[in-house]
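Same chain, two partners: subunit A is paired with subunit B first, then with subunit C.
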Partner chain A sequence: MKSVIVLMLSWGCTSSVPSDGPSSTDTSPVENPSIDVNEELLGDVELSEDTTVVARRRVRMNVDQLNQSMQQITGVEWKSGNTVLWDRYSSTLGVPDFEERTSEDLEGSVIFQKFLQDAATYTCNSWIENESEDGDGYFYVVTQEGQTSSVLKAHIGHLRYLIHGISSGEEDAFDESVWDLYQLVYQRTENSVSAWQTVCVAMFTHPNFYTY
Partner chain B sequence: MNRRELFQRFGGAVALNGLSLSAMSRMALANSPSSGTLGIVDPEQYFVFVVFGGAWDPMLALDPRDPAVFTDAVIPETKIQTGYDLLGIGSDPRIQTPNMTFGPYIGNLSSMSEKLVLVRGMSMSSVGHSSATKHALTARVPSGESVRGSSVATLLSSLLGEENEIANLVVGTDSYNVEHPVWSSGFQSSNVDDFHAALSEGNVSLSDSQNDALYQFFERERRNNTISRFDTMYANRESAQLLLESGTSALFDLDSPDLGDLKQYFGVGNGITGSESENALMAYQALTNGVSRCVTYKAAGGLDSHNGDDWQTQHGPRLQNGFNSVAALATLLEDTPHPSGGNWLSRTTIWCMSEFQRNPLLNNNFGRDHYITNSALLLGGGLVGGRVIGATSDQKMSSQKVDLATGTVDNDNGVYISHEHIARTLLYRLGVEDDLGDYREPPITALL
Partner chain C sequence: MNILAMLLFVVSMAYAESTTDPIVEVTSVEFARSLSLKLRGVVPSKSEIEEIETRGGLDTELIHQWMESDEFAEQVVWHHKFLFWNAPFSNNLEQKRTLLTSSGIYYRRFVSQYHRGLIRQSCSDWENTDVNEWNQPQSTQTSYVTQGGQQVSYEDEGWVWVTPYWDSTTTIKVCAFDAQTNLYNEAGIDCRTAESNKVEDCGCGPNLQWCMNRNTEAIYKESMAEELSERVRQMVSQELPYTDLLTENVMYYNGPLSFYYQHLDPFIQKTQAPTETFPDLDFSDRNTWIGVETSELYSGALTAPGWLLRHQTNRGRANRFYEAFLCSTFVPPIGGIVDEGVSTPDLSLKRGCADCHARLEPWRGYWGRWAEVSSSYISTDEFPSFSQECADCAESGSCNNMCRNNYMVDPAHVDDSPYVGWYLPYVYLKLDQQYHPDDGPKSWVDTVSMDGTLAQCVTQNTASWLYGWSPDEMDSELLTEWSNTFENSDFDYEKLILEMVMHPAYGRVQ
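For the complex of A and B:
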């Protein structure tokens, strides 16, 4: 009986093999037909040494990056009492909570601009206040009366490098515009601290700071 | 001209690129996909989108079932389980009105049934919260997690113009702008306190001289800018500053005694309500003080009641608080005369939505899982109320096809309806017949 079943099974297997295919017992390798390859040179390609990426879409920093960057530069964290205000407004600023939101909203929306301005104003005021009182402070010299324009312009360049990471060129249009800003505030307030506060806020609320 | 003069010249609203506001509005219309055939019937129209987050249970409010018919004995056939016996509020807690029947947690809206339109048996595209919420807000099925269109509120705001300080106010939920002007983007915050903070001076502020100088500096930067993405950022920066000077913040200061009566009316801080009462108060203030034309607010969250305890004790009260906020808002809008005639509710269409609804069958935890059908509630804006459009079936509460002209079920010749149909209906009610939202569905003509 067992031999009959084996016979039936083997018949069932072989009967389904296409007639033009290899037989179930033929296991020897088959050589594929060769393919002619034309090895003649078609042309030369010059590899460019310039591999610099010219441009890419700029992305806004997320809230954590902003907080860390501003602290790194100024040593000041945006707070009200003991409350870190970046944390206080994190939900409105689109920071993910990984319950309802898993990715951060990185638009430069109206409400983002408002809170960035608030953060910059608080941070700049505290930074300049801290640094201008100390004889070795970063803003000490430039907040003293009677500084030459070259000293002040050099400080604008330093600030720009510090905040935007961009070195000023000669007759740099951005630096000139910031210099105009400084002068305008100084003329109106006759207060160098106010002028530097405004310059600092301008730098931190400029897209060159918060996008990369 | 400095920024303050610019601001005063345009009556406190935002102007871009030196064009007058009405010119900007005309441009928005002219640049829309199908210009030339627009004819907004009455520009004095307003919209409120009310979001119930987490997926609501139809049995508890908008689409209940008779527990005497849908008994436990017939669950194997119907796949419908009212679960009312688990709630401890009576064996048949449904609320009957002359026009429609509600579940037990419809709240004060039950007394306004003659003004309400219920849409039942809507067909959804997803039972994933994120993508389905995007579908609900944009009335277009998203591509995965990416929206394929703007929020309906954004589209309507872009059509109604930018004369208002915040064309499109959004609190507690998301907003999308894919193709419309920047000024029609949702002004998003997570709660009223943050919204108020966004309109108020920070804890340290600059002087007027400093702000004026900054304005001039950024104007120069904008003129010299070559990066298109920065244009939007400069415009938004300017809008934020102008809003700060508009004096609007006092309207939303929940700590102000000036809002005492409104807070009491909406139940803010009464120990029963949550943020939804603050959000409804904000919507009323934004609309009636000319701040916004479109407001979207979250009326309830945490409705994702898979767990039995949560479904039995929290889901209903959260729904009820949300619907009560809508009832309070609608009632006060109705009691407030509109300067152009009628009352504010007659000019304000309110659309309550959730991303999908919960399963008619309780799960093993006696909670409810996700389900692919949905409901919606509309009122105001001149809609003839007291009507129910569509219905779910008596087996599995499935979607059914609807005759759009009558609103009745017609499984032979009707169509399945979804958010797209409602959005298109709102456009029609504005007088816009062209499919500006690319919804690719006709309006529910029974509502026109």
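For the complex of A and C:
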């Protein structure tokens, strides 16, 4: 659909008070200054794309999907004692109770980001702890010292496949930036577990995980 | 002109950013991930992804497998909670049957005046061993309590040990008057009926089965709300037509509901057992559900206790159905509703109100035989649609409470006159609408099933769920296509879902 945009510039609009304007106590009516409008045709722009191509909307996971999916991937549930923290914060996270709230908040709000970060930190720490001690553990090899960069990069790619469901391409920019992040944390901490925790949290807090 | 060019750039960029996220084709793994989240509420496992890749993508067989899972039923249940708004009843069921605790002793706070002669007073903490086989105290003591600065006395019967029905592994202290188990009192009143609510020598019965504590009351109310979800599960797992959800004459019982309707319902005005027989289930069995056929008067979820108690007025019930299952909303006129002063009491004619109520009033009539703030059916035996007795007393001005509270006996406007002597839910219903209360909501569902509006709305709701479309983003061509398929398949809901997710549009995301 094409549409013509006409910009109407109101040169008469000004934020400065005229020197001969009314004083603060003068309430008598004042004639408005005249306004010049420039109606110049600037050309056509595209307002919407081809509507014949129909697609679903990308949406954010709801709280239950986040809980189930993080467990599916890591085997860890975000808990404090016996309390599932997704349940505890469900009201804050906009989960409807169908009494006072009947719609679901699926915005990627700051509050959501904060709790997702908390959940990811807890989940990643437990996951890596569980999976780095046993020789068969998912993080065992990559948390051992002296691994080559190709082994570590391959693990980043696999982690991404597991968490985002996306296969890495050749010289993948996303993988490269995650590799930079890994190196940065490792250089500062000299601790591969810390580096993998950071990478893991980054993966879970990325929209590629929580939107679909 | 530089300013103009910059403004044009900003406008077009802002527009582009806000509305033209690119449409992208997703990979087979992304498609599977998205579908798994929608249909099962979880991303595929590692082995599932590998299997999908081995197969070269997600095929119909695997989608069918997913749609046969319990997880799929739960996703459909969740989607329907946004339609039913099924939340537990927010009011008390019956305070006179509620056991509270004071210093670890259970007592019925709101009947204490009939037992102890003092309102809201518990027995004091001493074990009364002088009780008969029905826990009736044979001796009591006089105790004192300070109220409003004054010392007042009450009859104190002490407590006895009782094993409550909600936990057969424990015994609790219950004030002896409340722990009485006799079936009749000395005056012959049946202690198993509401008539005994204010009677001194009737109690909570064997194992307290005629009473509830706050926890068990919450379980009953949650079970009533959950029963709506069970209807959805049954529709999915039994592959029933979608319309059955709104019309079938079946009540689903779990353990708590079976117990409630057998033992507690007789005391409670707000509910009424939907059947005469109940499945043999233990109180603790919350997750087993058994369907029992009701009379033809019932209309699926729309007359289920969970729906009737959640939507407490007949207008509220009609309005929710209109919004959730016909995808329409009553919108007040621009500028708000103008009060026209004294005019007709018939809202379907009254200016300012008629815009909505001309449609709403006939529809609320469908629930006319279902009591408000209650889940009880009111039969024509109890309240005939027209009462000659009330019509006569309206003329003579000597009506009793029954007529005054339930029939039109006090016409204040010429529009009231045709309805004198009519049962109130029938009042203002026009000639062609007066069958609505007798036919019930099933009749409305039948109408909208036949004219296609139900199918269209169910399709729109499902597209909103699966495609994330808001009402103004709906693709009308696709909706019509899917809606026709749904209608022609005898409202096969799984077929509708499959049709939607197998459409090429689902493989694109924006």
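Rule of thumb we're sticking to: the second predicted complex is superposed on the first by the 155 of 212 C-alpha atoms of A that agree within 3 Å, B and C clash if a C-alpha of one lies under 4 Å from a C-alpha of the other, contacts with A are read in each partner's own complex, and residues count from 1 in each chain.
Please note the rule applied: a residue touches a chain if its C-beta (ideal position, glycine included) is under 8 Å from a C-beta of that chain, and two chains touch if they have at least 3 such contacts.
Everything numeric here is computed off the predicted structure, so don't read it as measured data.
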Which of subunit B and subunit C A:Thr121 touches, first, second, both or neither: first
Based on the superposed arrangement, let me know which partner A:Glu104 touches: subunit B (first), subunit C (second), both, or neither? second
Examine A:Tyr212 and indicate which partner it touches, taking first as subunit B and second as subunit C; both and neither are also allowed. second
Per the contact definition in the header, classify A:Ala173: touching subunit B only (first), subunit C only (second), both, or neither. first
Per the contact definition in the header, classify A:Gln72: touching subunit B only (first), subunit C only (second), both, or neither. second
Which superposed partner A:Arg57 touches (first subunit B, second subunit C, both, neither): both
Pick out the shared contact residues on subunit A: the ones touching subunit B in one complex and subunit C in the other. 57-58, 102
Which stretch or stretches of subunit C touch subunit A in the complex? 4, 7-8, 11-12, 15, 19-21, 23, 27, 29-30, 32-34, 37, 41-46, 49, 78, 81-82, 84-88, 90, 310, 466-469, 473, 475, 478, 505-506, 508-510
Okay, in this complex, where on subunit A does subunit B touch? 57-58, 80, 85, 89, 91-92, 94, 100, 102, 108-115, 117-119, 121-122, 125, 173, 177-178, 180-181, 184-185, 188-189, 194, 197-198, 201-202, 205-207, 211
What part of subunit B is in contact with subunit A in the complex they form? 53, 129-130, 185, 187-191, 194-195, 197-198, 202-207, 209-210, 213-214, 216-218, 220-221, 224, 227, 229-230, 232-234, 236-237, 239-241, 243-244, 301
If we count contacts the way the header does, which residues on subunit A are in touch with subunit C in the complex? 5, 7, 9, 40, 42-43, 45, 47-49, 53-59, 61, 64-65, 68-69, 71-73, 96-99, 102-104, 161-162, 165-167, 212
